[in-house]
Structure formats: C-alpha cells, structure tokens
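Just below sit the structures, each encoded as structure tokens.
In the two assemblies presented below, chain A is common to both, partnered first by chain B and then by chain C.
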Partner chain A sequence: MVSLTIDGKKVKAKEGEKLLWAALDNGIYIPNLCALREAWLPSASCRLCFVEVEGKDSPVTACTEPVKGGMVVNTTGPKALRLARTAAELLIASHPVDCAHCLSSGSCELQKIAAHLKIKLKTKRLRKITRELPIDSSSPLFTYDPNKCVLCGRCVWVCRERLGIGDIGFAHRGFQRVVTTFADEPMAKVRCRECGECVTVCPVGALYFKDGRGSNPIIKED
Partner chain B sequence: MKAVELSTVASTFQEIKNRAESGWQELWHSGKPVILVGTGTCGRAAGALDVLQAIRDEIGRQNLDCHLVEVGCMGHCYAEPIVIIAKPGYPPIAYGHVNPVIAERLIKDFILGDNPCLEFVLGALEKNELVPSFSEFPRAKYEKKVILKNCGYIDPEQIDHYIANGGYQAVAKVLEMSPEEVIDEVKKSGLRGMGGAGFPTGQKWEICRHARGRPKYVVCNGDEGDPGAFMDRTILESDPHSVLEGMVIAAYAVGARRGYIYVRAEYPLAVHRVRVALRQARELKLLGKNILGSDFSFDIELFQGSGAFVCGEETALIASLEGKPGIPYHRPPYPAVNGLYGKPTLINNVKTLAYLRSIIENGAGWFTGLGTEGRGGTAVFALAGKIVNTGLAEVPMGTTLRQLIFDVGSGIPDAKRFKAVQIGGPSGGCLPESALDLPIDFDSLRDAGAMMGSGGMVVLDEDDCMVEIARYFLEFTQRESCGLCTFCRLGTKQMLEALDEITKGKGKIEDIDMLTELAEDISAGSLCSLGKTAPNPVLSTLRYFRDEYEAHIKEGRCPALMCQELIAYYIIPERCERSCDACVGTCTVEAISTNKKRIKVIDQEKCVKCGTCLKACPPQYNAVVRLSPPDQVPASE
Partner chain C sequence: MSTDRIKEIEVKIAPEKEITVTEEQANHIQETRRILKKFGRKRGNLISILQMVQGRLGYLPREVMLEIAEFLGIPGIDVYSVVTFYNQFRLNPPGKHSVRVCLGTACHMKGGYITLDAWKRRLGIDRGETTPDREFDLDTVACVGCCTMAPVTVVDDKPQGQVEPTKVDGILLSFELEKEKEGEQNQ
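Let's look at the complex of A and B:
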C-alpha cells in the first residue's frame, strides 16, 4: 500500500492499481460508465473519468492511470471537468431522455453523473441526435432498447468474459455502433440463458427487467 | 569465431551479388533493346496491361529479340501508361500516355525502324542531345529520390534487379555490426516515423531492444487507409524488397526473430508482389534461418488486413493481427514494450522501413545532409486534387510547399487560383496561400495546423468550398471511427451535423464556437489518434477561412459557389446568344425555356442544379453562371 492525495484527502491504495478504484474505494466518486473492476484491460471508452494529476500537462482517465505513491490527484480540476462534462453532454445529447417513463429512473447512472457534474439532462449547446432502432422485447425476462444504450460495453463483457456465453457483442462503426446479437437475431432466438446478468450491469435503461425489478447497477460505490 | 562468421556473411553475399550484377549487365548491355512497361496499379488503371499485351504481340509478329520487363511506378502517374525503351545507340527514353496503338508504333517505328517517335516522349532517363531528360525538368531541381529511387526502374518480381542496384547490401553490413551500433546509426540519422505520428525511429527501436519480454516482433504497417494516399502501395508494388530489407535490419537491431507485414487486402497487386519477394528472399537465405550464414534468423509472414482506416492505428493493428476486431486500446503500454501477444513489438510504416537500407549504407550523416536548414531526410507526397502533375514526389525535408506544388507539381490547371492545400489526409489540415513558403517538415506543418500524416496532399483551388472540404473529411472519419469512445463516436457526429447544416445554409452563428470547443475536447479526450486528429480539418479551416463559415451562416452564401443548396444557376440575358440552343437540350429536367425575345431562361423551381447547362454554354458566350445566395437571381425571372 502507498499513500496518495485525492482532492486534498490522504488515502491509501495498492501501488499500480487503477486510480479509479482507489478513489471509489475511498469514497471519492469519479463519474464512470464502462469500467469493470474484474476486467483485466480497462475499456477506457466512456471518457468520463478524467482527472488531473500533478505533474501531468493534460488530464488522464482514472481507469487507466496506475496509482503511484505520493501522487496528487484533483478530480475537479477545470481541464478534467471540462472533458468529463463534454463527454457526459455528448452521451445525453444522443440519449432519448425520457426519465418520466423510464423504469431505470432513479437507478440510472447517467442521471447520477449529470447531477455530479452539474449539467442538465436537457441538451442545449449540442444537437439532439438519437437513433430509432427497433426495441427487442422478445426475451421473456427483459427488454432491450438499443436507443438508450450508452455503449459502455458492460453487458457484452459480462456475457462473454464472466459467463463465457458471448451472446451479445458490438457491431458496426462510428455513430452506427450498436450492441447486438450475432446477425441481429432477436434475444429469444440466441442461446441466452436468461440469467439477466447483463440487465443488472446496465447503467441506464437500455436493458430492463419486464417485471419491473430495479436494474440496479452492480457498482454502487458511493 | 566472430571473424569466421563475418567472412561467411560477406562471402555468401558477394556470391549472390555477383550473380545478380552479371544478370543486370546482361539485361542492359547485351546489345538487345530493353522495353520497360510500368504495370503498377496506377499504370494498370490507365490500361498498362493492354499496352503490355500489344507490345508482346507486336514483338511476336515481328519476331524481335528484345528484353521486355514489367516495372512499378516511377511517380509520373498523370502520364500512365508509361513505357521506357532503351535501344542501343539511343538514350533510354520514357513515353507517356501510351495506348496499344502507340505501343505498336513504338515497336515498328523505333525498335524496328530508327524513328524514336518524339511526339510521344515524356523524357529521357539520361542527358543527351536528342530529347530533354528528366534531370532537366524543372521539378528535378527539387526532387531527391531515396525510397522511390528504384520504383519504375526495376522488376519488383526479380530479386536480382534489386540486389544489382545495391539491395541487401545493408543487411550484409548490419550483420557485421552490433545491434547497438545499428540503433545508434538510426538515431543519429534523425529518421522519424512516416506513418503519421513522426516518432523518432531510433528511439522506438531502443525502447523495443531494451524491453524485457520474449519473443519480440517486428511489424510493418502497410494498412494505408487514408483516402488519396498511395505511397505505401507504390513502394510495396514497385520495390517490395526495400521494405523487407528494412524489416530485417529492424529485427536484427531489436532482437526479433519473427515479423509480420500487414498489407490491406484491397491491394491485391501489392500482396502478390510481397509474396513473391518473400519467397525469393528466402531462397537466397536473406530471410529465414541463419541469414547469409550468420547466426541471426528472422522470417516474415504476410498478413492481409481488412483495410479499415482505424486498423492502421497501431493498437488496432495488433488486435487485428491477433484475430480480434480491429479496435484500438489504451496506451501506454506502448507496443514497443507490450504489443502483439503481450510481447515487445516494433511497428514501423512501409516508408520508414524503406529508408533504412540507404541510411545504413550511406551513413547517418548522408541522410541528415539531404534536407535543408537542419531538417534531415526526404518526404514523400502523393499529389492529388487541382494540380497538373498528379502522382508521387519525393523531396528533401525543408522544401517549401510552393516549390512542391508549383515547381514539382507544375501548379494549378486551367489558370485557376490556388486556394489551399490539404495535407495529411483526414487527420491533417488545410493551409492557405500565406503558408506556401513554409518549409516542409513534421514540426512546421503541425504548428501551422496541418500534419505530415502519411503524405497525402490535396490541392484546392478557388472552386473548392472550405466548409465542404472540412465536412467531407469529417464524414470520412465519422464513418471510419471504430465507435468505441464517446468523443470520437458522438463528438465527430455532432460536428458533422453542424457542418452539414452550415453547408445547407441552416447553420447558426453559435455553431462556430461550438465547433471550436468540441474540436478541442475531442482532440484532448479521444482514446486513440483517429479521434484526437479528426477535428484538424475543421480547426484549420476555421483558423484560416473563418470568413467562409460566416458567409454560409450569416448570408447563406457559398463564396466558392460549391454548396448545392446555396447556389442557383442563372442565364445572363445580355450574354445569351439568341440563336444558340446548346443548353436547352442538355437539361435533363427541361428546366430551360426560351422567352419571347428568344433568350433562354432557367425555371428555378425545376432546376436540380446539375450544372450541365453551364458546361454546354459555348465559352465565347459564357452566359450561364452560378449565383450565391440563390436569391441573387433577379426577381423578374
């Protein structure tokens, strides 16, 4: 264990451990969507966990930054906040924000992140650019609404790496990138064992149980 | 033990070299005419294979005894197909724009008769009394060929041609040096990566040499996904051994025994020629176990990539080599330390590798002496767009953009005005006329807001709208973004939407600030360099051509008269020659009618803005014009 300072608070963490986990374990929240503690390679795709580290010119992603003894971290530096805010804004601008009718409202991490970063769920500076992909409700257990997906990849990782099934994966490039099944088959037609693990890790309302069980994210760090 | 080994290497190589040289002498000095036909992809696209067949047929018909050799591209792509004829008693002469009919005449009149057909001459390869030589072309003063030296002059499928021209000499030389000495030489040369980032090559090698993992790999990056770039393809097609030789040198320096050459599958000819080259190099023990009898072994495998732009990014390329989707991952660790299968992996671009043989052979000092004003080496550009001489050019670092565009490229066609030059492909930027005297190198281009990139250069003239150019490149990056990370996937999409609206006259003035802020965040926040550099075309055009953005937004006017929705076609009544009907019939939607005074009038409602009438109107009248904004069309119509 080494000591480091995050937001003025002295904390202890394992050297080489990723900064994000060190912060969360010490009760300091850093916005994140794609990070999974078990994953051996950080996905580093959501770009929300920017922090400033003393001695570094530009902000770094906390999920990829190894802890070093004596390091001084600021999670609310202006440069880091600007990047995190823009990333969150971009996600919100492409998310059909319909909290009033969304089963995940309340447990949604996008709501939490917006609140933490003090940004609005209403898009102003950016254009609202959403998609209109068909909703898949073929599974008896859950519904998948790809339009709400933030492409964090947690469900894909869990299905493939933790469960070894690999029913869902990413397809297409650029803005068209989407989580889907092989050949876009409906959920009911693939080998899905209906364990619902993917639903429990989904941070937003893209995957939700039909019986209304709260799809609480597994990572409730604060 | 060491001494014995050295002499083995040297003597083994000498034997190979002697044989190759005598074959080369035989080709050029046997008293028979030699005919070279450029059959690279650019030549083929222009019909080189038909020309080759016509020559072969004619040789057969006339029962001639001459050497017919297929070569690669010599960089004069605008004049393909190119045929070079070396007939005893004449200088070797290159002919341009050859077709099968001309080819037949060349054989009949020149080979059989004694008429060198001067009307088809492009230039001679040597100075002579008869025809101007390439060395007397204005561009020759600025060109300096290092990695393009062999291209178009040797048969890429004959290793002996390469060896006879000094090939593999550097491998024989490094095997007698220590790896540290090799790295030192490369460091001293100041060579920087030509794949885009410009990282110092020697330094990368040193990091990889000192990395602890085993085994180590050397990877040649031949993905070349930039639209409009074809330097790597040309080198792989025209001189593949120069790249293989670079890989052997690199492998020896970093201590790798295995290498991969990643070539996009859309380059079938390059794939074929690399495959042939690998086989021939192995046969001569220039690859494989105990190279040239030394105790150094190294072999190369050819890998055909899917050819997505992002697969050229080094971490995506590694994923792709491992059989995974070609998607980038976070660096560090850098591939030189932890790359393919988690092992130290040296990744270098095709061009970077092609330089090595010359650096090893001639020394670092020679290489640094090539450039001007302290900038070492040369740079290769693919000239495209509004430029007379499209094709490849290699010039010393420090050459100015003006020399490259106006002297090497012969300037802008059709007496149009130069407006900007887009350098570095989708990751690069647009530089205006005021930047033309900038000496070309990695840092000067970056400071000006462009990038060396992989050397794509598109010249733009007064008819090109800078907002549209930015939109075009952003559309490319958005489509090619892997979509993994938020900034690149959604940020470039936001920018693209805004640019789309601006080019349609629907932009808002706040969009300019939004574009700037978002561009900065995307550059700072993206995971890989595709996203980090994607905003460059927008940032550079905003920096140099902000007035064009404002004209679109505030006045609904496209100054270059390019954006379809912001222009109207109009026939100036005073200019219309009443008896002429040229435009009327060409309009596919019948939007042009004749009024009582027999003057032609365009119905703006019907017009689809295809522009055919503008081309149809005879130049002496020049009555059809484009107006922007469209409401410039007089109301009387």
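Let's look at the complex of A and C:
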C-alpha cells in the first residue's frame, strides 16, 4: 500500500492499481463509462475519466494510470474537465435523452455524469444527431434499444470475457458503429443464454429487463 | 455472480438447429475450406483470409464468415465486425453491372446525392446493396478524379459525366436495350 493525494485528500491504495479504482474506493467520484474492475486491460474509450496528475503536462485517463506513491491528483483541474465535458457532451448529442420515458432514469450513469460535470442534458454547443435504429425486443428477458447505447462496451466485455459466450460485439464504423450480433440478427436468434449479465452492466437504458427491474441482478442470490 | 448460475443456464441451451444448406452455400464453404488450408489458425490472419476469400467469391456470404470464425476459433461477431468496418469487404454478391456514385466535393456541390437518390429509387436498393436479380450493385466513392464532369457515376469502370436523374434513366434504358438485343441474338 502506498499513499497518494487525490483532491487534497490523503488516501491509501495498492501500488500499480489503476487510479480510477483507488479514487472510487475512497469515495472520490470520477466519471467513467467503459471501465470494468475485472477487465485486466482498460479499454479507455469513453474519455470521461480525465484527471490531472502533478508533474504531467497533459491530463491522463484515470482508468489507465497506475497508482504511484506520493502522487498528487486533481480530478477537477480545468484541462481535465474540459476534455471530460466535451466527451460527455458528444455522447449526449447523439443520445435520445428521453429520460421521462426511460426505465433507467435515476440509475442512469449518463445523468450522473452530466450532473457531476455540470453540463446540461440538452446540448447547445453541439448539434443533436440521433439514430433511428429498430428496437430489438425479441429476447423474452430483455429489450435492446441501440439508440440509447453509449458504446461503452461493458456488455460486449461481459458476454465475451466473463461468460465466454461472445454473442455481441461492435460492428460498422464511425457514426454507424453499433453493438450488435452476428449479421445484425435479433437477440432471440443467437446463442444468447439469457443470463442478463449484459443488462446488469449497461450504464444507460440501452439494455433493460422486460419485467421492469432496474439494473438489479436477475436472480437474487439467496 | 455465482458459477452455479452459469451451469444452470448452460443446461438449457437448445441443440443446434438443423440448417439446410443450398448448393451455392455448399460451394462457398468448400471454396473457403480450400483457401483456409493455406493459413494458420491465427487471429492475425483474419484480414488476409477475408481478402482471399472475397477475391475468389466476389463477396463474403454469412456461411463463409461463420466458417472462418470457426476455423480461427473466434466468435462470428468478430468476423462480422471486421467485415463491416472496412470498405473493401462486401456482404452482398456483386451485380453484373457495378454502379458507383461519386460523392466527392465537386460532385457533392453539383448534387451527387440527388443522383444517388435517383439510382436508389430506380434500382430499389440502398448503397452497398445488390438488386435481387443480381444485375446491379450500388455504392458510393469519394472521388474518381474527373471533377469537371461532376456529378459523376462510374458504371462498369467507365466514368459517366453530368449524371442527372434523367441520365440515370438513360443509362438504365441502354442496359435494357442491350439485354433485349442479346436476347434476340440468342433466339
């Protein structure tokens, strides 16, 4: 264990652990979407966890930065916030923001991040472009609304690495990029075992259970 | 997450459904297997395999993608992901005639997207698709280097200039006439 300073607070963490987890474990919130604690290789694709580290010129992503003893971290530096805010605004600009009708409203990470970064869910700076993709409700267990997807890749990682199934993945390119199945088939047609793990890790309302459970695990372990 | 739960779920998997394979699909798979013999089962070979298979078949049908995925031991979605990422890979069979609508800067200014809409309407397909009779396939290109002729459509590797929607009809008519002629000669 080494000690480091995050936002003026002295905290202890394992050396080499990623900064993001050290901060979260000590009650300091850093926005993040794509990070999963179990994933040995952070995808670092959401670009939301930027922090400033003393002695470094440019902000770094907390999910890839290993903890070192005596490190001084500032999660609210202007340079870091600027990058994180732009990333969040870009996500919101292509998100339907239909919170009033969304089952994940309240437990939605995007809402939490917008509030934390003090940005509005209605973007003025960027033009709103949403995709009108069909909603897949073929699975008896859950519904997949690709329009709400923020492409964090958590569901893809869980399906592949944790469960070893690999039914879903990324396809297409650029703005058309989407989490989908082989040949864009409906979820019911693939090998999906309906474990619902992907629904559990979805930070937004792109994957949700049909019976209205929030992001709670499907089977209560008793 | 408990491991018992996974096991429980695994029991419920339905046995693989019998899939009927058409003659064309069987040929595709055979051809693919022949090509796969030249490669090791390394994930890094994926793009080379896809290029060689497409070079032979003209496109990458779904049975072929699944065959390659099985060979490399990766999920089908990974192959699909790569195929949809790169422009060089096709998911549809190439048509007898290829239609490439230029959407470069000059052609865009001259209404290339209107030309594209005209092609889409007349052929009844979207970009990247092939007509059901496999006569035409439609796609877009960024620039073909003859901007003075804008808006350009490359039909069967021949660039056609000033392709307004009326000219789209003209080009299609010339193909129809050609086909009729061929039909007469054959009789």
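Some observations on this one:
Here is the rule we go by: the second predicted complex is superposed on the first by the 215 of 222 C-alpha atoms of A that agree within 3 Å, B and C clash if a C-alpha of one lies under 4 Å from a C-alpha of the other, contacts with A are read in each partner's own complex, and residues count from 1 in each chain.
Here, contacts are C-beta pairs under 8 Å (C-beta built on N, C-alpha and C of every residue); 3 or more make two chains touch, one makes a residue touch a chain.
Just so it is clear, the model here is predicted, and its values are computed rather than measured.
Once the two complexes are laid over each other on the shared chain, residue contacts for A:Ala87 go to chain B alone; chain C is not touched.
Residue contacts after overlaying the shared chain place A:Arg191 against chain C, while chain B stays out of touching range.
For chain A, the partner touching the most residues, choosing from chain B and chain C, is B. By the touch criterion stated above, A:His172 is placed in contact with chain B and with chain C alike.
Once the two complexes are overlaid on the shared chain, A:Leu41 sits against chain B while remaining clear of chain C.
In the superposed model, A:Arg162 lies in contact with chain C only, and not with chain B. In the superposed pair of complexes, A:Leu151 makes contact with chain B only, with no contact to chain C.
By the touch criterion defined above, A:Ala183 reaches chain C but does not reach chain B. Where the contact sets of chain A with chain B and with chain C meet, they give residues 170, 172-173. The touching residues of chain A, when paired with chain C in their complex, are 160, 162-163, 165-173, 180-183, 191, 193-195, 197, 217, 219, 221. Against chain A, the residues of chain C that register as touching in their complex are 1-2, 5-6, 9-10, 12-13, 62, 65-66, 74-81, 84-85. Listing the residues of chain A that touch chain B in their complex gives 41-48, 50, 58-59, 61, 64, 79, 82-83, 86-87, 90-91, 93-94, 125-127, 129, 151, 170, 172-177. Listed in rising order, the residues of chain B touching chain A in the complex are 308, 310, 325, 329-330, 478-487, 489-494, 497-498, 510, 514, 517-518, 521, 524-527.
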